[in-house]
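Two complexes, one shared chain (subunit A), two partners (subunit B, subunit C).
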Partner chain A sequence: MFKPWSKIQWFLMGMGVFALILMPSFSENDVIRKWMDILMIAILATSWNFIGGLTGYPSFAPAAFFGLGAYITAILMNAGFNFFLTLAIGSAFGGVIALLLGIPILRLRGHYFAIATFGVAEFFREMADNLRITGGGDGINLPQIIGGPDYFTRFFYFSMLGVAVLAFLVQYFVTRHRLGYGLVAIRENEDAAAMTGIDTTKYKIIAFVLSSVFPAMAGGVYAYRAAFLEPIDVFDILFSIKAIVMTMLGGVGTVMGPLVGSFLMEYLADYLWSAFTEFHSMLLGIIIVLSVLFLPRGLMHLFQELRLKGWRSLGAILRNNIQRFRV
Partner chain B sequence: MKRCGLLFTFVAVFFFSLGFAGYSDIQTAEAAREIKLGAALPLTGALATEGKKQRAGYEIWRERVNAQGGVNVGGKKMKVKIIYLDYESKTPTATKLAERLITREKVDLILGPFGSGATKSVGAITERYQIPLIAPVASSEPIFDQGYKYMFGMLAPNSFLPNSFFELIKKQKPRPRTMAFATRNDFFPRYITKAIRSQAKKNGFMDVYYAEFPKDSKDHSTWLTIVKSKKPDVLMIAGYLPDTLLATKQANELGVNPKILFTMVGPVYSQFTDALGSTANNILTAAWWGEALDYKGDFIGSASDFGKIWRKKFGKEPDYVAAASAAAGIVAQRAFEAAGTLNKQKVRDAIAKTNLQTFFGPVKFDKRGQNTSSAIVLFQVQGGKRKTVGPPSVANGTFNYPR
Partner chain C sequence: MTTAPDSGLNLLEVRDLKGGYNEVQILWGIELEVKSGEILAIVGSNGVGKTTFLRMLSGVLPCQSGTITFEGEALDGIGPDGVVARGISHVPEGRRLFASMSVEENLLMGAYVRNLTDQELSVDLDRVYGFFPQLAERRGQLAGSMSGGEQQMCAIGRGLMARPKLLLIDELSLGLAPRLVEELCGFVKQINEEGVAIILVEQDVLTAFELASRAYVFESGRVVMAGSTDELLENPEVKNAYLGI
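Right, the complex of A and B next:
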């Protein structure tokens, strides 16, 4: 199901990344900043895809690791560490925590797993709210970056882009590797997967670790940029929910899905927000509900189906999707 | 596979078109002949009432200025435009919007968001862009400890409170001896509680209980039950309006009845007294402003004049959030006039030199940017009316004790 990309596909992807690298040289800071946000959400969505999309375990943990990374960068930078070093330490720490957490909670399935991961995020938030080292409810300061607006906007943008490219590449190679097939097998039928000789516990833990390291890095970049953190700002469950919604919109279990979903959703949310100040959230909610009804498997799957059946079958596909709920 | 190729082309085109999207509005900003101010406010979400009061305060000032032709900047009358954005009561969004106001809308000055935490976050942004920020609702000292040069706060520092507070309650007979504290685990409430609590012992009070409750807590009965068993003479509850409102209500239901109930924030808000009715009677609170105060300035007039304007518009009593917001406008206006230019550096210097008498009280910033010439006033609700009971210089009523 995951075929290696052709040269043309790699070329186009390269063009895309190239466009993202060139973009800051002819854009305003505000646009660059928005793209940094989009990349951040894309990182969260791509990471969620490891555990949620490929393995089929509905995790609410991205916010937990995002906040963890943010706080580690804050604490270490205050101790005089180099920014990039803090990102590495933060993601490594996130990975270790995910490993330790994964061992007990990956025994749970379905709703139970979802609730456990939800609890993890809340647990970290409470810790940050009450520990002295995190500044408690007062929040924590980070050193201000030195340099003008043009410099720091680009600095954070490229840092985020670097993490995004890394997350994407890892995802690509995982899906084309034995590991990816194993994860999909677990999603489709965990018992059957175990029967065929897949070490399901090990695979699931690897997926959970992979889904935690990149959010931790993104959190670190976010923290340095914000220069001041409060626990509720970074351990916000909304980060997890956004990652899930964007992956669903784009296409669960596909490599491009999380990216496409993040771009569309962030732009849509931004447009609605500026066009309908008073009830933008409601409209966004309606759009999400409609897209779940009509595109339960996301845009990427719709594209794939359209390529197979032709554009004329669009109506039939949508009708088919919604009819499944009539059972 | 070819089908993905199509998508990539689509994505690549998408990238490029969006990259250019920011271009169109560069020229328009230059042409406008007005002063552009920006305010990211919590217009929806948990802090919506506060945000709307701030907006109303800013608007009262803006309407007045524009009615007299605008602000005189270097001999030219310039009208004021304020761009409001909603940060949905989420601090990270506030910083994002502040940045948008600066880079996209090219505002000349930022009017502050609500509360200490959000102000601190936005302050990090304005400092980076070197654009003045006048914050009407931020009083905790640590916000101003970062050495930021472009941030100014309208409220007197929290540390002003303990002196007048203890001065008042110490002279009550029989003298209260024990104190209990409960605070929302949040920047401002914790800080103000710390300010009082750290001085309790020195003033001869025994600290019998201290609790922190989570942000936006929906039930306070746990700690209230403990407070009841400790029977403190004085109970201090610190939090934002939803917290203190609910806690006061539950304290009443549970029969927690200290001789002095001190809530921060509390009955200075008309929502508080409206919701609690007679339960609000004899609750002690402190605030940075009240319409009964004898403050006067040359722009909006006296404190009671502002009260009249507010009542005419909203039919309610104004509180310090609205007043401080309108006063922040006056500070900006005078700074633009004194600087004679919109140059951000010069405007910043002019704000730093502010020495004004306003309806909100005197405004003069210390080195760190806090308005240290102002005061924190103690209020008590008596028969549905707010009376100032301290400090003695501004008091117009006597303190009812015990409640």
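Right, the complex of A and C next:
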């Protein structure tokens, strides 16, 4: 299922990260900002993969923890805390909240779980809207970062890159560890997983906590960069939906899927926007529908199948996928 | 297996076990024992609580009242993982393999709670492949892509990887061709000869009685008859209700 990466795979991954590290040295700020957004979505998608992809529990909670992390950074930085310290506190707090929430809502399965996690994001947004400490509906200001645009664009870019690399590494090691097998067993058959002796409740909670700490960190970076937060901005359900769509398109339950999905879709969306400004949303929608039809398990699964069966079987695989819908 | 009645310690003792799903009570006071090394059959028609009983034994379903004692110790509140660690493993109805994992990965999942080294694992894998040579040939294949009989072997193999003292098999023969059932019965006997006690839940009474030395007949969540399979085979009620003779 999950084979350890070969040296070549690690080398290519290393080259990719190296390229992302070098990129700001010879790029304009708007390109760097674009990549910062891609990395942010990639963090959310990778995190969603823990609970949604590996464990099979469709969560709409990424937005909730993204917003939570954003507000914690805002509140703590206003109290004079160091930025990086607020990220650590935010993710730890997000993890604890996920643990407490996970105990009741991970008893639910399927659609009911999805609805409950949807509720979590709404609940947090209402809290932020009404509490004094969050500034309520008026929003909250953060201290401005000192330095010019060239400096702070790079500062936030590298912060986001750091979180993304961390999230990726944790995901890699979880999937190659017995924990990952336990999570997949729950996805495949929760009863059978329990019968083989997996403490399913504990494992689901671990997955939910893992899927919450990194969005909280990304939220913190987002907050400092935005310098001003409104509840409706950061508890936006679109963050959750993007995380899910990117993972589904890239490949559910694979470590590369969320990354590939985020890179491709963000670039595709960008390209469509510039090339077909009037109807770019429609085109993007059509592409998403087509890929769900032809690649229901995402690009990475297609690659795996092609590697097994050879490139010539591409047509057969696509036909096979679409035929599942012909009842 | 021939075991003299009441000789030695019971491996498993169930006393006045009651339970079900939420408000729906299914089991109404089950009394049952398993002696070490025996094959015990539980028979009865659909919906009499056989599967529910196994699920309560393996801790997947909590009991309302009553006691389950395994090797002299109560199995209360230790959860399914605790039960597996004590030495009871459950081969669920309908196989329930992990479809996107390979055969070997499914087997390894069976040893999940035991935290073994790779070397110990390969010893146990070889033992399972010894019982089921077909699985060895298909070790890299995805479990979901095998035939029903092979999936049943894989499910039993997964159960064995926990090194159980008691193996619970729910519907060994379900949906399988008679020739395959016969083959699987042979495997079950072999496993039993290595000292693993087995509870076999079956709707196919003849198959069950052929394997088991003793049997319990369930009806509406109660044990209505119990005894050696030879005796039960002669019982007119059993003949009438379950054998259609």
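Convention: the second predicted complex is superposed on the first by the 327 of 327 C-alpha atoms of A that agree within 3 Å, B and C clash if a C-alpha of one lies under 4 Å from a C-alpha of the other, contacts with A are read in each partner's own complex, and residues count from 1 in each chain.
Definition applied: a contact is a pair of C-beta atoms (placed from the backbone, for glycine too) under 8 Å apart; a residue touches a chain by one contact, two chains touch by 3 or more.
The structure presented is a predicted model; accordingly, all values stated were derived computationally and were not measured.
Q: Could you tell me whether subunit B and subunit C fit or clash when both sit on subunit A in the superposition?
A: fit
Q: Here's one for you: vertex at subunit A, rays to subunit B and subunit C, all C-alpha centres; what's the angle to the nearest 10 degrees?
A: For this superposition the angle at subunit A equals 140 degrees.
Q: After superposition on the shared chain, which partner residues are touched by A:Asp150: those of subunit B (first), subunit C (second), both, or neither?
A: neither
Q: Determine, under the contact definition given at the top, whether A:Phe228 touches first (subunit B), second (subunit C), both, or neither.
A: A:Phe228 contacts subunit B only, not subunit C.
Q: For A:Phe303, using the defined touch cut-off, is the partner it touches subunit B, subunit C, both, or neither? Pick first, second, both or neither.
A: It touches subunit B, and subunit C stays clear.
Q: Does subunit A have more residues touched by subunit B or by subunit C?
A: Higher number of touched subunit A residues: B.
Q: With the two structures laid over each other on chain A, which partner does A:Val184 touch: subunit B (first), subunit C (second), both, or neither?
A: The answer is second: A:Val184 touches subunit C but not subunit B.
Q: With the superposition applied, I'd like the minimum CA-CA separation between subunit B and subunit C in Å.
A: Here the least C-alpha separation of subunit B and subunit C stands at 15 Å.
Q: Hey, what residues of subunit A end up touching subunit B and subunit C alike?
A: none
Q: Quick check on the complex: what are the subunit A residues that touch subunit C?
A: Per the stated touch rule, the residues are 1, 178, 181-182, 184-185, 188-189, 191-199.
Q: For a test of understanding, state which residues of subunit A touch subunit B in their complex under the given definition.
A: 3, 5-6, 8-9, 12-13, 15-16, 19-20, 22-23, 26-31, 33, 35, 37, 129-130, 136-139, 141, 144-145, 149, 152, 226-228, 230, 232-234, 236, 256, 259-260, 263, 267, 277, 281, 300, 303-304, 307
Q: In the complex formed with subunit A, which residues of subunit C make contact?
A: My answer: residues 58, 60, 79-81, 83-85, 89-90, 92, 96-102, 105, 108-110, 112-113, 158, 162.
Q: Flag every residue of subunit B that touches subunit A in the complex, lowest number first.
A: My answer: residues 1-9, 11-12, 14-16, 18-23, 26, 43-44, 86, 88, 90-92, 95-96, 99-100, 103-104, 117, 120-121, 124, 127-129, 142, 146, 185-187, 190-191, 212, 214-215.
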